[in-house]
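Next, two complexes with chain A in common: one pairs it with chain B, the other with chain C.
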Partner chain A sequence: MELPNINKKKIIKLLSEGKRIDSRNPSDYREISIETDVSNKAEGSARVRIGKTEVIVGVKLDVVTPYADHPDEGTLMVGMEFSPICGERYEVGPPKINAIELSRVVDRGVRESKFIDFKKLCIKEEEKVWSIMIDVYCINDDGNVIDASSLGVVAALQLSKLPIYDEENDQVKYGELSETPIPLTKNIPLAMTFYKVGNNILFDPTRDEEDASEARITMAITSPDKDKIINSMQKGGITPISIEEMNTIIEEAEKIYDKLFPEVEKMVENLK
Partner chain B sequence: MNEEENKEEIINNETTEESDNKSNESSSNKERKMVVPGETIVQGDDYLPGDFTIKNKDEIVSQRYGLAEINDRIVKIIPISGVFEPRRSNNIIGRITDINFSGWSVEIGGPVSAFLPLSECPRFINKNNIEEFATIGDAINAKIWSVKRGSIDLTLKSRGLGVLEGGRLIKITSHKVPRVIGREGSMINLIKDETQTEITVGQNGFIWLNGSAEGERKAEEAIMLIETEASSEGLTDKVEDFLKNE
Partner chain C sequence: MTYTKRPDGREMHELRPIRAEVGIIPNADGSALFASGKTVAIAAVYGPKILHPASMRNPEKGIIRCEYNMLPFSVSERARPGPSRRSKEISKVTSNALSSVVDLSRFPNSVVDVQIMILQADAGTRCAGINAASMALAHAGIVMNELVTSVSIGKIDDKIVADITKEEEDWEEGEGPTDIPFTMTSRKNDIVHLQLDGNIPTSRFKESIDASVKACNKILDYQIRALKGEKINENEGKK
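Here is the complex of A and B:
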């Protein structure tokens, strides 16, 4: 069922009083859980749940020839798929525009934060580099799939190990994992998406709230030292976001980062 | 042994609840077992196929996932999952998806959408301004007037029907609607009283809640609890516990 008008009115009315349908505050997020080893064929995998939203992320590695403009750097690819099991609005077939946008937002967050040390993924310059392929599958869509996917990708990358590469025969020995993790840096990105519903800004929407929203903005934030850095930003939706609203979003993002990031880091650390 | 006894109790419990909603059926001599599509329920020419079953040679085969019930000679299935199957005179709640010159298309959660003709509205409507009465995205409480092959007609000409104002809609599986209503409406009245919320249940599984924010949330959680635990024992007590302790 698409969102009926009365539900949208209700959401906006409650938000103007600072309340939400599930009794959260506008900047509260739902319970988050991360699992690993959900796929035994992938080099690293994670299942992330935010409330009822659920995604599975798998990381595969391969040895390829590098791009000509970056001869000593590994490559990264992120793919996203919404299958019909994750909601009645999704159909089978190649990824639609929303899935393509989502994978690109996730990709950009990871790439621009310099989270992966691409130089260390080089085996032989101009000839052989590791290629990281990340697949995100949405299992259930109850809103905020962007943040869930992004969280899953970051977790799965941290939990992956490189497979053994046989240089003589130029073969990757899948199934035999080495002890080497994927070379990562301290800049762990955390993607946060804010939604504008009516004149209110909210974080971590449910499906209904996401349907009621007119605009959204995604930011990938890292904090390698004291300061926080916005690495990527993407706006979606049809209505504009004013400067004042943007300022509140950034302030809000900093607050949520301080609360959410240690939680997530601890969860991933426990899984290693 | 113990487990089997338990199972039987659950099944008996179900029988009484279900039969209350269909009070014209006798509840004696009923045995129920869980079946999946394609499963043979009974063999022999003594039986006749009822709802959601077909006869294949001398076997009665299930067409749904649900509880099989043998009533005298007729074998029928009470489905547990699946889409809503519209029947004449069902009271439903729907969402308008389209407007044309002669009426509204309504999404009712079934395989096909329904149609509400202008002539079935209780008051005069200006043909040049149909949206004034109901527009795309509005929720309506309507009755199914007729079900023909591929077309379902609705009507608003009855007490309590019309466009829904305020509140909000939630959705459950239509097969769980009897559970939400309970014996002679006991379950729904319990939720209404405890949460001080106005609730209308459509037979297609769309439910309209109207009350305070807190009451609506509580009612929604209670209804979701009923949906997930529909076949468990002592459901009314569980819901009562939930509503009083939350």
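Here is the complex of A and C:
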């Protein structure tokens, strides 16, 4: 859906003066909250709100046969859906290309950071491994659903417990959670998306700002030691991003990471 | 084991032997082949033609519709035919990259279909596909502000290299593999497509941009030569 041009012009005009429609600075983010216990049937879950944007994330586990090329590793799948519940622009039906792209961006941030210790999810080589299936549902789309989803996935993984597995009968005893968390590493990814609006780069857009933007760059960063490591990246949208803009985005990402990462980690720790 | 030498003996910034040719599909309005080493892509352009369904039509501008298709026999283990989540995503990023340089206002209410097939895969298939598609669009006479050129930059262990192979993509020693497919415009080297999988410190990301600018400028030269009618095959005489 196209945003009426009058809104877009206003957003761009304000940005050229360094202002935003909700009076934030270009790199400021809205208030973030993380909750858990969305569903007690899930092995782990999270609800993330960034401003008025809300997503819920559920983790389900199952025991499956591993992929032939990784016989001793568990598997991960991230799905994402925008149902008509989250805004009037969305229609019923299977996930559309946007949802598929976003779920793959979220998936790669988690996968490439090596946050999940897939080898420890192996029960018996070539036969049985844990499969982690994560489903993300947008409940209210007021922009920046990508970062909210990534945050939700990372939080839900940290808040999950493996169900009891009855090896003899090859049965997962759903409803009976063990005390064993999903094996994770210290490479906790933080996904950040930057949007190009006119000639400005801004962070955490509202829906109107996102509609006014023409390109975005998402990156997932980990920092297990001193360095900040980029583990995944994706450009979205049609408008080009110049090399100078790209360099600005990386600098901004480093700054925002230092502020945002400790905040969200504290929120997740408090929920454990 | 550290990564000091490339498995195929190339220099760190050296491209694989290139094949490039236009006009390979007579039925199409424009077509091209682009191969980098053992990765082979072909592309065909049909259109502009009226867009269906009518609800998608825009009286101000047309659209580019891409389909990236990795053929079942292009990889070691047969790939399932038909669209996958991966191929849908690649189709989308390819379509974004191409749309950024095409003058879409020239064909209101219309669509230009870009079909890409990967015949043989040895990493960098989306890049080869974009290179072929960019040539095919120009060959079809679609008005473009610039060409686009794509290359997969890698960080293998701690070395930045251009145009990586599957063997390099699977390198697990040292810092492991990082795959960074870039697509840049031909004049300004603006970024119109960028993905990354792996690990690279923020402080080293600039090196990958520099490598991409160098590699894209080299590839652009082949695209232009092929568009002028030359049939380029650097593999000739080699196995």
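In the analysis below, the second predicted complex is superposed on the first by the 270 of 272 C-alpha atoms of A that agree within 3 Å, B and C clash if a C-alpha of one lies under 4 Å from a C-alpha of the other, contacts with A are read in each partner's own complex, and residues count from 1 in each chain.
What we mean here is this: a contact is a pair of C-beta atoms (placed from the backbone, for glycine too) under 8 Å apart; a residue touches a chain by one contact, two chains touch by 3 or more.
Just so we're clear, the structure is a prediction, and the values are computed from it rather than from any experiment.
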item	value
Fit or clash - chain C, chain B, common chain A	fit
First (chain B), second (chain C), both or neither touched by A:R108	second
Partner chain(s) touched by A:K19 [first = chain B, second = chain C, both, neither]	first
Partner chain in contact with A:G236 - chain B first, chain C second, else both or neither	second
Partner chain(s) touched by A:M219 [first = chain B, second = chain C, both, neither]	second
Touched partner set for A:I97, first chain B, second chain C, both or neither	second
Comparison of chain B and chain C by chain A residues contacted	C
Partner chain(s) touched by A:I256 [first = chain B, second = chain C, both, neither]	neither
Touching partner for A:K10 - first (chain B), second (chain C), both, neither	first
Least Cα gap, in Å, left between chain B and chain C after the two complexes are fitted on chain A	7
Complex contact set, residues of chain A against chain C	97, 100-101, 103-104, 108, 112-113, 217, 219, 221-222, 227-243, 246-247, 250, 253-254
Partner chain A, residues of chain C touching it in the complex	85-86, 88-89, 91-93, 96, 99-100, 180, 185, 188-203, 205-206, 209, 213
Touch list for chain B against partner chain A, complex	95, 97, 107, 109, 135, 137-139, 164-169, 171, 206, 213-214, 216-217
Chain B partner contacts - residues on chain A that touch it in the complex	1-10, 14, 19, 21-23
